[in-house]
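In what comes next, subunit A is part of two complexes: it sits with subunit B in the first one and with subunit C in the second one.
Our next item is the complex of A and B:
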């Protein structure tokens, strides 16, 4: 039988997502009002500074697609950054430092997943709890002090280039490619859509939603570990408040990027554009010398504007 | 009862046979010694009223429920169905009314969820193969659509086709469909019937649950009627008339009488609904309710009864039509309706009607706050006085007005909801399933209370799935079917059979 009423062809203009419009508007705005914004050096700076957020926002997208949330990401990043600093300081090895960060980050991710999936604690509350734990542990392991004197091998990661491209950007690009492949081309990625879209369907297919959920949160923790290395390299030290509030930026980037908090509707490229929007906004406000308190408020405004634009067009 | 059923069927052994299945839930015997057989390539209609046990039987069949007692035979061999995996292995697939599809995956990914063809890199999916495989399955059921279309973009009928394709791809030999045409247009229904005919020809057996009499006779090779968790009879469509089927579904002997002083002559017109249509799926509703009357609103679950109530109360937007209350056309939000004197006593009183953790007194005055305290300042003693008065008037069994509502029995909770509206000075009471979860003794008290309300000049519109209650309590009743008023029954015409007949699609 032929199906008459099939998919309607979307209007191409309507297909342009709110986040792309927002990003273009922001770039246009700061090109005019912020001197030096459009220079190659500054734009490269924006990209490098966005790499840590990229590494948090991509796994955050997957977590939000499962109708979950990870508030602990910023605090866990602080802790893993300290672990990288302490271990690399003690062993003079960047790789051992990274290993420590990965281990601690993944452990927190598994704990988050376990609390959410097995104990059934709402993600907001569960990850708020682990946020506190990670924050406290950070103060304990650092004794409230910065960890300084870390080896060059760690610091160099942030400043080195590969074929003329800063290494952090290469890392972020590889991460994006990996997440894209994972979400759109693997079975695991398929099941992430189902975790948020219809968990019952997974059960009927003989799969365990709980194990999958734990894996998604664990991935978030592991990425916080890798981002911790970048953070330590960037600050050339471990600092007990390094990742403060980064979960806010990550969630904002995901929301700006058009990932919905319901039914497993996620969009990785949107998240990337969201990260860049946040990065451009913060950089531009820096250039016109607005205090960082205004920056936090402006990210909030950004989220609302982007979602408003999306809402307008979906209603149109 | 004709238990020696196997008449001249194509194959002498049933594909699947259930013997003596029982399933009990706390307080309810959902299935009581039910036997049921499906033969290869037949459409077996499962018929029964709401709560007759159709859904329970279906869930036992697909392994979602474990039967407390009974045996399963597959091709004559004894088997166990204790999990959905067991049922799947036997080729039993269920098309639920709520689909098991993932909205933001495409059709191919949905069909093969959990069974994706492996790609070259471990963990990846062979995209070309999954699309080709999906294409092939869609072809076998004659559904012409691009398998890379996201399910979110499909209509209900198309999603149902995907669901069927999913079942077929798992080599389903027995397809269970729960009211598959409920959300389909006439044309889509025809396509579904054509598909069912094709599946039948391939030897697939179909267990088909329906409320539509026409479908029962158009499709069914065999009919099993359930009532109150028991198998009443198994018949062939040729040997039975629609009226006989209705009697089988309803025919119970109940000796419940409720105190009711029927209005000799109804009072003035209180509510008049003219051509009411709402986006929730109800259309062209015409209803009149007079003072002193209890008017029933019946029909099957999902026929739009609650939607009518919500539309009158202003809880859902009305797209066209008029609601005239006490001589004035009204519109607007629930708070306006409540202020004008309309009360809605919702079906889920625990979540919508009460603040369970608050006291009886708080709950009783909550809708009357503006009236009791025009100054905006709450006075505990005056609230208490009002509450005590209502507790006496409604005979609410509670140790004190300060008792937490959640600790009262169902019947007394219901009285608190009614009392809440009484305090607010409501004139029209809309009851949605007023006796759900209330024991028989308390039921008659609730009905006595409603009777008293209308005797004192109020009016009541009562939604109930308990046809027997409608028959005993109501002055007259409207019967709904698929979002429309299918008919009106006067006091003399009010019988369970008439209600069921109007509520179902008749042949």
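Our next item is the complex of A and C:
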């Protein structure tokens, strides 16, 4: 009884062990079994490859905090990545490409928010529907083919460095700082906590929970737009299945990171560690030559275990 | 009187009621789509095309009928498509290795059922929300299937086995007979057995269901296992009709199955809907996709249209229910 009482104290610091232990265990495991895992080149590779996921997992954390979910993120990223590729190819301008990606991503985010907030459709079905729509649009705009020959200005974003640090890492860091500031140091952030924890309170305070919800989903769509630019730069092309299943890695990172699916409790630093855990897991399995199919399956197992532990914790 | 007692005192849902009216509207919609397609396309009313629609609808229905029971309990099974792929690949391997279709069919059904049971365990014993648990399962199965197949395609099955999916009996495709059988079993189970009524009760109000002595966890295990087994059955029909198995055959199956359930009037919030409605839903969806095909719309448009239909179906369902209250 006494132990249970101690565990149930809602102190975010108590989550540190969970996700940090997962990360340390994974790193320890792969340092032993995967030759070359601990090299500087490989570790920086893990970081660079985790940047796209970071950009999805951070807004996914906010969405899950509102007791929502966005299954469309991977498909929307695919579509925005194609938009970036097509527009930058046609205009030779990286910025116009990014603008197109942001626009399309935000439009999908607003649509998701509208379906969830105004029409009241359960988030997992609403975003499953928009997943199909984004997937279909991706096939339609690309005709099922890769978009190649995009300008160097797009590709360079992924390979360039700033003061010796790869630009994607700088972008991910800035994104994290912005989300941290937004969630913990602005009124909007406080409202996001209230959206999941106590929506009635928002209404009594004279705020519109619906508008806030739409804003949270729109943020997710916009971030999928920025991540779409990184994806196009990384693949040096637009591909109609580029983001397949990425939303699942994002959900995995959030779940492993200790954000609860049922109590409007979110922790951004945990999500960041969750992203690194997923990145290390995939990279390590890759190094010991297991195919990407096994990586996908192990991320699935990781999520189920994390949710099971989350369930145990909430009952304790 | 509290809500819980009111719910518990509700009489069992009978087939000829609000549900019958809802099904009637949907039948009208299906007929309307048929009329429009008959005007727009000369080949729509050909015997070959109509049999094709029925066969296609039966494949969607097999997956969607099990899923209907899950949705009736206010759950969701997103792993059905991936389950079809894994079951088909394993059943195909067994047939190739042993030469025995019967053994292959049993393995496919067992594989599907086992996956469903695992879903049920995650939802009941581990208490993971069903859409997340089955979504995780989707990726686990996907990974397993791709790893198992390693890019290979299995093809060439015994002629007798291929009859199941592509054969005819008295001029009708064999899957259509299977559809009638499972439509009958599903409707009887849901409407006329105690277990079926308990499933409705769990969806309508899980707390009241538990308080009135229904073994909620065991019934939930059952519906997820049934959903998985039906995916296993669908995998056999697919295998036999395509005469081949590849790791990616399940990717385009889940969204249409969910669409069929929702178009059919089963509510995502549980407790409302019928297996017969799901049959009509599968028919409507197949008619729309078939019509697009006849009008030479590229298959690339299918996910977009299916996505829009899913959202429209949920929205319509919520609207009619709000008006009914």
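In the analysis below, the second predicted complex is superposed on the first by the 287 of 316 C-alpha atoms of A that agree within 3 Å, B and C clash if a C-alpha of one lies under 4 Å from a C-alpha of the other, contacts with A are read in each partner's own complex, and residues count from 1 in each chain.
Just so we're on the same page, a contact is a pair of C-beta atoms (placed from the backbone, for glycine too) under 8 Å apart; a residue touches a chain by one contact, two chains touch by 3 or more.
Computed from a prediction, not measured in an experiment: that's the story for all the values here.
Of the two partner chains, neither subunit B nor subunit C is touched by A:145. In the superposition on chain A, A:197 makes contact with subunit B only, not with subunit C.
Look at A:137: by the touch rule set out above, it reaches subunit C but stays clear of subunit B.
Looking at the superposition, the partner that touches the larger set of subunit A residues, subunit B or subunit C, turns out to be C. Using the contact criterion defined above for the overlaid structures, shared-chain residue A:161 touches neither subunit B nor subunit C, since it reaches no partner. In the superposed model, A:205 lies in contact with subunit B only, and not with subunit C. Of the two partner chains, subunit C is the only one that A:120 touches; subunit B does not reach it. When the shared chain is aligned, subunit B comes close enough to touch A:265, but subunit C does not. On the side of subunit C, the complex with subunit A involves touching residues 76, 78, 122, 126-129, 131-133, 135-147, 150, 247, 255, 258, 262, 268, 298, 300-308, 310-311, 314-315, 318.
Subunit A contributes residues 69, 71, 115, 119-122, 124-126, 128-137, 139-140, 143-144, 245, 248, 251, 255, 261-262, 291-301, 303-304, 307-308, 311, 315 to its touches with subunit C in the complex. Listed in rising order, the residues of subunit B touching subunit A in the complex are 84-85, 88, 99-105, 109-110, 113-116, 119, 123-125, 127, 142-146, 149, 152-155, 158, 191, 194-195. Those residues of subunit A lying in contact with subunit B across their complex are 1-3, 5-8, 181, 185-188, 190, 193-194, 197-198, 200-207, 263-266.
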